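The structure appears below as C-alpha cells.
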Amino acid sequence: MQMKEHKPLIVAFCCNWCSYAGADLAGNNRLNYPAEVKVIRVPCSCRVNPMFVLRAFQRGADGVIICGCHPGDCHYVSGNYYTRRRMAMLFSMLDYLGIEKERTRIEWVSAAEGAKFAATMNDFVETVAKLGENKRLEDLRCK
Amino acid sequence: MQRIGVFVCWCGSNIAGTVDVKAVAEALKNEPGVVFSTNYQYMCSQAGQDMIKAAIAGHKLGGIVVCSCSPRMHEATFRKTASQAGINPYMVEIANIREQCSWVHKDMATGTEKAIILGKAAVAKVNLNTPLTPGESPVTKRALVIGGGIAGIQTALDIADAGFPVDIVETKPTIGGKMAQLDKTFPTLDCAACILTPKMVEVAQHENIRIFSYSEVSEIKGFVGNFDVTIKRKARYVKEDICTGCGACVEKCPMKKIPNEFNLGMDNRSAVYIPFAQAVPKVATIDPNACNMLKNGRCGICAKVCTAGAIDYTQKDEYIEEKYGAIVAATGFNPISMDKFDEFAYSQSKDVITSLEFERLTNAAGPTAGKLLRPSDGKHPHTIVFVQCVGSRCSACTEKGKEYCSKICCMYTAKHAMLTRDKYPDTEVYVFYIDVRTPGKNFDEFYRRAVEEYGVNYIKGMVGKVTPEGSKLKVQASDLIANKQLHIDADLVVLAAAIEPDKSARPLATMLTASMDTNDFFTEAHPKLRPVESPTAGVFLSGTCQGPKDIPETVSQAGAAASKVIGLLAKDKLTGNPCIAKSDEWMCNGCSSCGKVCAYGAITYEEKEFRLPDRTTKIRRVASVNPAVCQGCGACTVTCPSGAMDLNGFTTTQIMAEVDAICK
Amino acid sequence: MQVITREQLIEKAVSLLAANTVSCVLGWSRGEFDYDVSPAVFRSEEEVRRNFVWNDFCGANMSKYLISKASGVDGKILVFLKPCDTYSFNQLLTEHKFDREKVYVVAVPCDGMADFRLIKKVCGEGIISIDSEDAILKVKTLYSDSPISVPLTDVLAERCKNCKSKKHVAYDELLGEDGNVLESGRFDEVKKLEAMTAEERFEFWQNELSRCIRCNACRDVCPACTCEKCVFNNPSSGVENKAAANSFEEKLFHIIRAFHVAGRCTDCGECSRVCPQNIPLHLLNRKFIKDINEFYGEYQAGEEIGLRAPLTDYTTEDIEPCEIFHRRDTDA
Amino acid sequence: MNNKNLREEVLRISGVNPKKCMRCGKCSATCPAYDEMEYHPHQFVYMVESGDISSLLDSESLYRCLSCFACIDRCPRNVEPAKLVEAIRLSKIRKQGANHMTANDVPALLDEDMPQQAIVSAFRKYSK
Amino acid sequence: MKVSYFPGCTLKNKAKVLDLYARKSAEVLGVTLEEIDNWQCCGGVFTTARDEVATKLSSVRALMAARDSGQPLVTVCSACHNVIKQTNNAMISDAEFADKANRYLSCDSPYAGDAKVYHYLEMLRDLVGFDALKEKVVNPLNGKKIAAYYGCLLLRPGSVMKMDDPENPTIMEDMLRALGGDAVICGKRNECCGGYIAMESPTLAKKSSNSVVENAIAAGAEMIITACPLCRYNLIKNGSPIPVVYFTEILAEALGIKEDIHE
C-alpha cells in the first residue's frame, strides 16, 4: 500500500523589519521553498504570544517557526531579546510535555538574508515532514 | 461583519504566471464578509486604483483586501487609495502573493492554492480591523541641551540659528567643557581656545539661547514634544545679572589655596573664582565649601570690594520649571581614575600625569603659563614617556579599566609628542603603543609626521612598571619588535587614560527613560541608521555621551542631533503611528510587568477610580500607554497575562484569525 | 504538630486586636472536621477564640486573600504567614496588589503540613478526627476502634517534603525562630521526567492532564493568578473556553497558565494542593523555575520586593532556544 | 605526543586562552626574569597559540619564571601568561627522567642561610 | 582570641626566632596562635596547573584543620600564605579540582573552602586593628625611616589574595606607622626579589634584590622590612647596606618583648 505523502503545514511568524523583508528578498531572488510555509506578519517577534503558537498547533499546524531580527539588531531595541527568553521557555515546556522539539524553531533572519530564509524554510519543512502529522497537539474538534 | 472587497493583482505575469488569479478571486468570493471580488493586471496603476475606489463606492465596502506584492511595497499606496475613497486607511490588508508566493513556487496549482489561503487569512484579519486614527500631540517649540561642552554648544547654536529657543544646562560655573581645557587640537594644531571661545561668546549673545550654568536637571516628566523639566540653579552667591566679571573679588579673596579644578588641581584658585578668563557667563562663583563667610560668617571681603554689589551670601538654590519639545543629552566624558593602575606610579609621583593634565601643562593659560615643566620640581623634563591605552581595551574580567578603545588617545598623544619635540627639540620622547589607530581625515599623515619629521620614538610594546627613584622615573617596558625589555630613565610619564561617560549620565538616563549600555554610554535608536537619537522619542544624543569621539566627530554629531531636533520642533503637531499598544483599563490589574519590557518608557501607571455595576467604586492601579511615545512593537502585549494590553493593527484576535485561516 | 501552638497565635491575634494595632485577622478557620480548614476573616476576639485553628492542615496560603481583604478594612489586617506564604506576599507587593501599610504580618514557623489524601491512603475512609502530638497524628475513623497513629513525616504534603525555605522573607513580627533557605529535592521529579523519552513524557502528561475537569481551582487559588479577568474567561480574547472539551484544550490551558505565572510563581504548591483530580500541576511550574535557574541564573520569585522577573528581563548573551536542547543532549 | 595534542594539553591544564591576547607586551614589560629568558612571556603566549611548543619545552626559560604573578596581575586581557609557563614546565618534567634538577644537584647550590622555602620551591618547580 | 596557625617550614627551621617573635607579639595583642597538629609543608610555590592535585593537599589539610577548629587560619610567611590562599580559592572556584582533592583526602565532611585565611599582617589589621596595636607599643620606632618591602607573593594575584591593592598597598606602611615609624614608600616594593631562583641563578636574584634595595635607599629608607623570609634572605645575601628585618622582629621590638626572646 502506498502512503500518501504527508505535506506538513508550517506557520511562520516574521517580524516586519528584518525577517519579513528577508522573506521578500527570497522572493525577489526567486529562491524556492515549499508552499506549505505560510507567513504571518507581526511588527516584531516579541509580538508573538505563546498562545499563537499553541493555537496554530491546535488547529492543525505541523510546525511553527518564529523569525526575527538578529539579537542586537531589533528595530525596537530589545524586542527580540524578550522573544528569545519567552520562546526558550515555551519550547522547553513543549518538549517537557512530550511534543517533538523539532516542531518548533526560532531563527534570526535579517532583511539581507533572503537565502537564509529560503534555506531555513527548506530545512524546517524537511525536518517536520519526517515527523509526520502533528497528532500530539492537534485539537480533534477542528478536523 | 464587514463588507469586504477583494482585489487580486496579476502584476503582469509576475503573479499571474504562477497563480491562477481568477481562481483566487473566485475562491475568495465565498469567504465571510466578502461582497465583491475581482482581478486586474496592475492593481497599483492609476486604473487599478480607480477600480478599487469605484468598487468601494459602488459596493459600500468597509474594508478591502488586496492580493498583490509585499505590503512593504504598496501597503501605503492602497491605504491612500482607500482613504481617498472615503474609508479608513487602516481597513486595508494586503495578501502577499508575489514575493512570498508566485515568485517562490513553481507550479500553478501550488501557487494558486497558497494564494487562496493567504487571501483567506487577509480576509479573516480585515474582518476584525477597526478604523484607526493616529494620535496627535502638540509640540513645545523649545529645546533643552544638557551639557555645555563643544557638543552642547554646537547643538544649541544650530537649533537656535534655525529659529527655535534653546536652553543649555551646565553643572560647572561656565560652559566650554573639556575642549576649554585643551591646548591645541589635532590634526591641524589650531589652539582650542581660539576656535572654541568665539562659539562660547556666540552662545552667550544668541537671542534664542539661554544658559543655565552652575545648574542641574533635577526632574523630567512628560514625553516627546511635551517634556516638563525642573532645573536646579545652584546658589553661586553672586548675582549673575549684576556681576561684571571684573575679578576684583577674586583678587582680594584671602582663601587662595583651593585646588583649581580647571587646572586639574595642579595649581590653586581662590574661594570666589572665575574658572578661566574667557568663561561664559563671565561671572564669579563662590565655593561654599571654601568660603569663610559662608562657612562661619567671618570675612565678607568680596562683598566690600564688589563695586557692582553683586555678592549675595544669602542666595539659595533655585528651582525653575520649563517646558521643552526635545531634549539633547550632551553630558560628555571624563578620564577614568588611575587608582587601579598604580604600576604606573600615578599616586606615587607628581611627575606621572594624565594626558589631560599634560594639556594644562602646555597651555599658555595653565599652571606653568605654557612652559613644559615637571610638576614636582618645576624643571624642564628631558625624557618623556607616553603610555597609550591605560585602562582602555581591558578585558572585563580584570575588573580594571574599560573594554572599549577610547578612540582619541592615539591622536592626542601624537599631538603631545609632536608639540613637545617642536618646542623642545632637546627632549627625547617615547610613545609606547599597542596599535596606533588613526582613521580620520589627515590623521595618519599627522601621526607619521610626528615620527618622521619630529623624531618621536614610537615603540610597539607596553610599559610594565614605573618606579620613581630619586628625581627620575624608571620606566620598564617591552619593545616587541626588537624583542627586548627596555629600561628608560624618564623625567615625565604621561598616561593616556581611558575616557568614560560623565557620572551625571546614569541618573539623567533614568530620568529620561533612555537606555544605556553596560559602560554607561547612551544607546542610540539604531547603531547605524539612527545614531543621534535615543530609543526614547524626543531624546537626542550629542557628543561623547554616546561613545568616545574626537572634536570633528563630536561637532558633526552635534549638528546631526540639532537637525533632528529642528525637524521635530518644526512640526506643529506630532502625528503618531496608530498601530500602537492600548490598555483595557477594565482588564488591567496593574501588575506593572508591561512597563518593565517597554524600551521606550511609554507605559505609566495610575490609581484610577472605577464605578462597579453595583454602584460602588473601587480604586485600582492601571496601565496607560502614551500614544506619542509607543512605537508599536508589542512586547507588552505578550507580557500581559490577562490580555489587557493589545496592539492596534495586530490585535490578538486578528493574529489568531490569521492563524485559524491558514490552518483551516 | 507545629512548634508554635494554636493558643499562642490566638493570644497574639487577641492582643493585637485589643491594642487596636489591627482591626481584623486573616487566618485559618475550623470546618466540619479537624482537617477541613479554610481561610477566613475574624473580626473579634470571640470569633478568633471560637473558630481560629492552627494545626497540621493549615496549608492554605493567605497571601492572595489580602488582595481583596486588605483594601476594604479600616486600619490594618493581621495575617499569619508561613515561610512559603511570605514569598507570595512579596511577589504580590512587587506587582502592587495591595497596600503594605494595610497589613500586619506575623510570621509563623512551619514544620510542614499534612496531605489529607495521604492520610486517607493510610487510614482509609471515614476519618472523623485527627489529633496531633509530637509529630504523630492520631487518626480516628468510623471503622476502627482505636486511633491509628501516623507519623507526620509519612503524610507530609509533597511540597513540604521538598520544602524550599523555612525562612520568612517578610514580616512585621516573628513568632519563634526563623529558619533558613533549604537545599531541597524539589526538582527531582522534573529531572526524572526530563530523562524520559518524548513518548513517555507525552504519555505521562496525557494521563495527568486528561483528568482535568476545568474546575479552575488551581487558577483561583494561585497567588500569581491575579488578573481582573482571566483570558480563558474573556469572550474577546479568542481563547475563551470554560469547559473541558478534549485533551488538548487542557494542555493549552495549563501551558498558558504556567507560562503566565512563569518567573512570578514562587512555587508555593497551592495549585496541586487544591486540585480535586490530583494532577501534579506544580511540575509544570517547577519546570519553568528550573529552566529559569539554568538559563538565566538562580531566581526565586518573591525573595525580595521589586525583583525584576526573568521574563521581563534579558541579557544580550542569553541562551538561544535551539541551544537549550543541544545543551541538554550533550549533558546527558 | 604530537604538537597539536600537546597544545591542547597545555591549554587544558593551564586554563589559559591565548586567543585573548592583544599583543601589547605588558607581560614582558613587567617580567623581572626577562633578561634571563630565551623566550619571553609574550612569546610563550604567541608560541602556544601558534602551536610551537617543542621550542618552549626545550628552553631553559621554563625554569627562569619566578612565579611572581606580575604578568598575571598586570595583563589587561586577563591572559595569565605565567600559567602557560607552568603548564609547559609540568608537561616537560612529568616525563620520565626529564627533571630539571635532582636531589643530588642541590647541596652544591646551597649556603647555610638559604631558607627551606627556596629549596622546596625549587624542587617543586624543577622536578617531579 | 584564638586562631589556627600555620608557621611553615622556614620559620620552623632556619628562622625559628622569627616565629617566636610572631607568637609572643600576638600574645601581647591578645591573640593565641594555635599551631595546627601535624601540618605539612605547603610546597613553597602554588602550582597554577589545574590538574595538579597532590601538591596542594597539604594546604587543603591545613585548611580543613582550621575549619574543624572553627578558627581563622593565620600564616606568617608570604609563600605559605600565597599557596594556602590560592588553594582555598581553587577549592571554591574549581569544582573539578575540589572534587579530586576531597576524594584524595576521603574525609567525612568534604572541604568547600569555608575556612578564612589571614596573613599575620591581615590579622593585625582586621582582627586586632592597627589602633589597638598602637596602644600596645612600648618602644615606638621614633620616626625611623623604614621601607616596607612586599615582594610578589603577598599581594598577587590580586584577584585571589584580596589583601590590599596589589599596585598601591598600605598594610605594611600602616603597621609601621602604628609602631611609630616613618613609612617610606618605594616603587619597587611589589617587585620580585628573585625568590627561589637564588639557588640556580644567583645573578638574577642579585640583580633583582639590588634594584629593590637601591630603590629603597633612594627613597630615604634607613631600614627595610619584609613579610617573606626568602625576600629577607635575598636582600641580605646580596649585600644590602641597610638592615633588612623581618616584620615580626620589628613588631616584637616595638612591643618591647624582643629582648626576652632567644632561639
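Each chain carries a letter (A, B, C, D and E) given by its place in the written order, and its residues are counted from 1.
Heads up, the rule we're going with is that a residue touches a chain if its C-beta (ideal position, glycine included) is under 8 Å from a C-beta of that chain, and two chains touch if they have at least 3 such contacts.
Remember, it's a predicted structure, so these values are computed and weren't measured experimentally.
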Touch graph components, with subunit B removed from consideration: A, C | D, E
item: Chain closest to the middle, measuring from C-alpha centroids that were averaged per chain; value: B
item: Relative to subunit C, chain with the most remote C-alpha centre; value: D
item: Per Cα centroids, the chain farthest from subunit E; value: A
item: Inter-chain centre distance, subunit A versus subunit B - centres from mean C-alpha coordinates, in Å; value: 35
item: Whole-Å separation of chain centres (CA-atom averages), subunit A against subunit E; value: 63
item: Between subunit B and subunit D, centroid-to-centroid distance (C-alpha), Å; value: 48
item: Inter-chain centre distance, subunit A versus subunit D - centres from mean C-alpha coordinates, in Å; value: 53
item: Overlap residues in subunit C, where contacts from two or more other chains coincide; value: 231, 239, 311-313
item: Set of subunit A residues in contact with two or more other chains; value: 50-51, 55, 78, 82, 86
item: Residues of subunit E touching at least two other chains; value: 159, 167, 191
item: All touching chain pairs, where touch follows the definition stated at the start; value: A-B, A-C, B-C, B-D, B-E, D-E
item: Subunit A partner contacts - residues on subunit C that touch it in the complex; value: 190, 193-194, 198-206, 231, 239, 245-246, 248-249, 251-252, 255-256, 258-259, 262, 284, 287-288, 291-292, 295-296, 310-316, 318-322, 324-325
item: List of subunit D residues in touch with subunit E within their complex; value: 12-15, 32-33, 35-36, 63-64, 66-70, 72-73, 80, 82-83, 86-87, 90, 101, 106, 109-111, 113-126
item: Parts of subunit C lying in touch with subunit B, wherever the complex brings them together; value: 71, 95-97, 225-231, 234, 236-239, 260-261, 308-309, 311-313
item: Touch list for subunit A against partner subunit B, complex; value: 9, 11, 16, 20-21, 23-28, 30-33, 35, 38-44, 46-52, 55-56, 59-61, 75-79, 82, 86, 118, 142
item: Residue numbers on subunit D that touch subunit B, as the complex places them; value: 20, 22-31, 34-35, 40, 42-43, 70, 74-78
